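Next, two complexes with chain A in common: one pairs it with chain B, the other with chain C.
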Partner chain A sequence: MVIESLGGDLFGTIPLGDIVLYLNPLHLFLFVTILLFTVLIAVSRTETQIEALFGSLEENEVKVGKKEFKQRRFLAIICGIATAGAMITGDLFNFTLFMALIGIVNIGIVSAVKQVSVLDSAYQYGLIAMMCGLPLFGGAAIILAATGTLSLFELQTLPLNAMVVFGALMMLVGVAGESGIAPFYASKAEMFRTPGSPFILIIHLSSLFIIVRFVEILLILIPVI
Partner chain B sequence: MNLMADILINVIIAFLAGSLLLGLHRKVMARVQLRPGPPIVQYLLHSLKFFFKEVSFPKTASMPFYIGITVILAGIWVTGVIVGPVAKGSLMILFGIYAIFKIVEHNSGSSSGSPYGKLSCVRAVFSAAGELPLFAVIGLVFLKTGSMNIADVIAYQSAHGPLIMSIPLAAIMLFALILTKSPYSPFAITKGKDIVSGFETEHYGVLRGYIMFSESIAFYILLWLFLTLFFGPISVVGYVIGMILITIITGVINAITPMLNPNHSVMSQITIAIVCIAGTVLMLVA
Partner chain C sequence: MVVDIVPQFVPAFFQSMYVPVLYGGLIVAFIGLMGIAIEKRDIQILILTDLAGLAMLIIVAAVGTDLAEALVLPGLVVELAETLAISEILIAREMRKAEDARSFAPMPLNMDMEIMTTAPNFISLVLIGYGIFLSGFTGGAVAGGGIVLFALSRKIRGLPVVVIDGVGAISGISWCLWIIGFLLFFMMPQYWLLSLFLAAFGLLLKVASKMGLIGILMREEYGRR
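Presenting the complex of A and B:
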């Protein structure tokens, strides 16, 4: 079975009609880790950035205000929960929804910051993420049209299909843009200069975990072996 | 053997072997640069020393995140030992561990409030593209062997011979990653001396001890992974010789190579990855 050769032996399945949730060591590891980080983020305060002022011996403290802190913490927790959901879902459409939600809250986490360079970066990332929403959902729709199902458990049993390969590649473009990985990472890097270390973590973590999970999904959709 | 004992023994071996290999790495670099260099056990003694030193916390740090991140770092590498040498489990989990390592690198830098840590954090975001070789290696090994499980890959090599003979370019890619993760590497932009010690700058005492403990295990796991994936089932002596040889080679390369600037570092790694991926796919198709 493809799923077992990718993430290890299955611990069990939860069949909910067409959607079959399944858990193996890979999903369990990713799920537990993301929840651990989310709890850590929820209980942490932000750091204070110290910047030396040019031409004097003074220094500037950059802090996160209480209102901004609460907004960003809320969005970071939502992002953590959405990423955890994406780690264990067995349904392709649910995965795309979680991915879109992660993209939106990532923009939200940095949009609360009142720094022009950071807002510019968030704006550019937002444009990329919105544009990549089309191939993301379009790819899932093409796979549904070609196979009649979005359950990964069902899809792994189907033979190689050109439309599924096309849909999977469209989804790859969508995930790359939504999560801001290479070649789109340059649009996102400036966002990380902002204060608010725990919240920035979840942006990076969600992107990398989504990629790990999507690699698994890609190999299920395209059974090249 | 009892599973818990197996895990404990493997973690201790990984820490001791990794520390000594990092000490050897530093010694080789020093000798190439015509310096006497520190003793080989220095890295190990240094790591142990930090566990007994006083801890101090920067006033600007993000608490308890600043502490938690180093504990998580140690935790993920213990998980790496369990997934790798103990269980010989999924390569995808090891890839996930490297992803978390990148996150920890990023956030232990930013959580202190130090500008040096922050610069390291931004560089960690850029250098995430440098993980491409590992991802590609895992993908290519899967294409060749039909499994992501390390035990299956070892069994495949028992039947068909070492993978280094059939997908050598993938081995070069993983070697590039080992080079990236080795100390004073031309690609180690997150710990460049231009930003003091990068993300480690503001972690003292037992927190630095956790970081050094993790670095030792990380180096050991990477070497173990390289030898296991490309040289098949080899004996303990084979592992020891292989690890020492790779450490010496990376030490010589790092001693004679200046650190690249962040953009050149990332583009060099991506170029190596693309060339090796294209070459390996062509070899597999042919």
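Presenting the complex of A and C:
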């Protein structure tokens, strides 16, 4: 499918030698939205959870320490910027690297938690993210080997190629694992059960944006559908 | 393989090496994943996960262009950083681990209500049936409520409750259905009805099994005090 019919009218291209960036309304919208969320997260303070206790009228405050708060905010901002980069990029190479960055930053956001169950699921998610580095980078490498380029702007003009389809599907598995959607969600859902809400939410937000963007990339890479 | 994109001065022997190396990488990855599936100790799994990262490097390096080299470097760095981060998580978790067995849904409150003894089976059956009829998120909540009511009533009447530890896995797998429906909706719009039902029933199963998680949540909550 041609790029114009996917994301609206093409505003223009930014040719940087091998890498050709292009701007269209869909990408700009996604980019600006995720940046706005990142700004909101950067200026917000972490929540304090109030837990009601069973069988009494007392309550339990769960607070996040200053050091942990700063570390999480930093990682959440990095995660937001990486997601914004993945939204605007017109290059499979950059997309792969931003995806890997999001995966490792997500592990970092939850690694400072003190609950055993959350640490357990963070460990499982980290293993999945590591294993999915293989299909992510491997898929990009197979597409590169079959076409000689990773620029989406050039990939859309090429005819259908079985190796490109295989590489794109491998990348789908990789993206699903790195962002923790689909079959790997069960372990990631446990990670939200921890105080420090606005920073934890960026994990979920980035995976939502990434999957929308990757559907567009799939449509560009596999022209029959 | 597209041969015309390979420059003329590359020897035929090097070109013919790509496919064996690709298969070799995939076989290495398969062996690593088999090892992870068999192994039970956490630290061994972490070490074996590195094997999948190694296979990723083999597949990327098989391409052998400068762009592939640019993919190898971040791939290597990301693998190393993830290994370090996960081992940190593992250490933190082992330091905080405290295992003890708890009963299903421990309740400090007295739940001796009439509804729990008169017709709980019928009510939960009606709730589950109505939930399946509704489908989607609402249906999942209604059906999950029915399941929770059934389990609670069995506990209060003193009957044994079957605890399925893999309820979270059902949630993850049905989330898969939702994602497949979502992808199909964009990729093949002519199958919109199929993707709509995939999404609806995936979400139904997901939310209904999430309700089953409440028992586990309560156990954690009770054990913390």
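In this text, the second predicted complex is superposed on the first by the 222 of 225 C-alpha atoms of A that agree within 3 Å, B and C clash if a C-alpha of one lies under 4 Å from a C-alpha of the other, contacts with A are read in each partner's own complex, and residues count from 1 in each chain.
Quick note on the criterion: a residue touches a chain if its C-beta (ideal position, glycine included) is under 8 Å from a C-beta of that chain, and two chains touch if they have at least 3 such contacts.
Source: prediction; values computed, not measured.
Model built by superposing both complexes on chain A: chain B and chain C clash.
Applying the stated contact rule after C-alpha superposition, one finds that A:Gly8 touches chain B and leaves chain C untouched. Once chain A of one complex is fitted onto chain A of the other, the partner contacts of A:Leu26 are limited to chain B, with no touch recorded for chain C. The partner that reaches more residues of chain A, of the two candidates chain B and chain C, is C. Contacts of A:Ser179 after superposition on the shared chain: neither chain B nor chain C is touched. In the superposition on chain A, A:Ile50 contacts chain B only, with no contact to chain C. Contacts of A:Ile142 after superposition: chain C is touched, whereas chain B is not reached.
In the superposed model, A:Val215 makes contact with both chain B and chain C. In the superposition on chain A, contact of A:Gly103 is made with chain C only, not with chain B.
Of the candidate stretches 165-173, 219-227 or 237-245 in chain B, only 165-173 runs into chain C once the two complexes are overlaid on chain A.
Residues 51, 181-182, 185, 189, 211, 215, 219, 225 of chain A contact both chain B in one complex and chain C in the other. Chain A contributes residues 18, 51, 53-55, 93, 96-97, 100-101, 103-104, 107-108, 111, 114-117, 119-120, 122-123, 126-127, 129-131, 133-134, 137-138, 140-142, 144-148, 150, 161, 163, 176, 181-187, 189-190, 211, 215, 218-219, 225 to its touches with chain C in the complex.
Against chain A, the residues of chain C that register as touching in their complex are 1-2, 5-6, 18, 22, 25, 29, 33, 36, 42, 45-46, 49-50, 52-53, 55-56, 59-60, 62-63, 65, 67-68, 70-71, 74-75, 78-79, 81-83, 85-86, 88-90, 92-93, 96-98, 107-109, 168-169, 171-173, 175-176, 179, 182-183, 186-188, 220-222, 225. Chain B meets chain A in the complex at residues 59-66, 68-69, 72, 76, 79, 83, 89-90, 92-93, 95-96, 99-100, 102-103, 106-107, 110-115, 118, 121-122, 125-126, 128-129, 132, 135, 139, 142-143, 146-149, 152, 270.
Put simply, chain A touches chain B in their complex at residues 5-8, 25-26, 29-30, 33, 36-37, 40-41, 43-52, 61, 181-182, 185, 188-189, 192-193, 197-198, 200-201, 204-205, 208-209, 211-212, 215-216, 219, 224-225.
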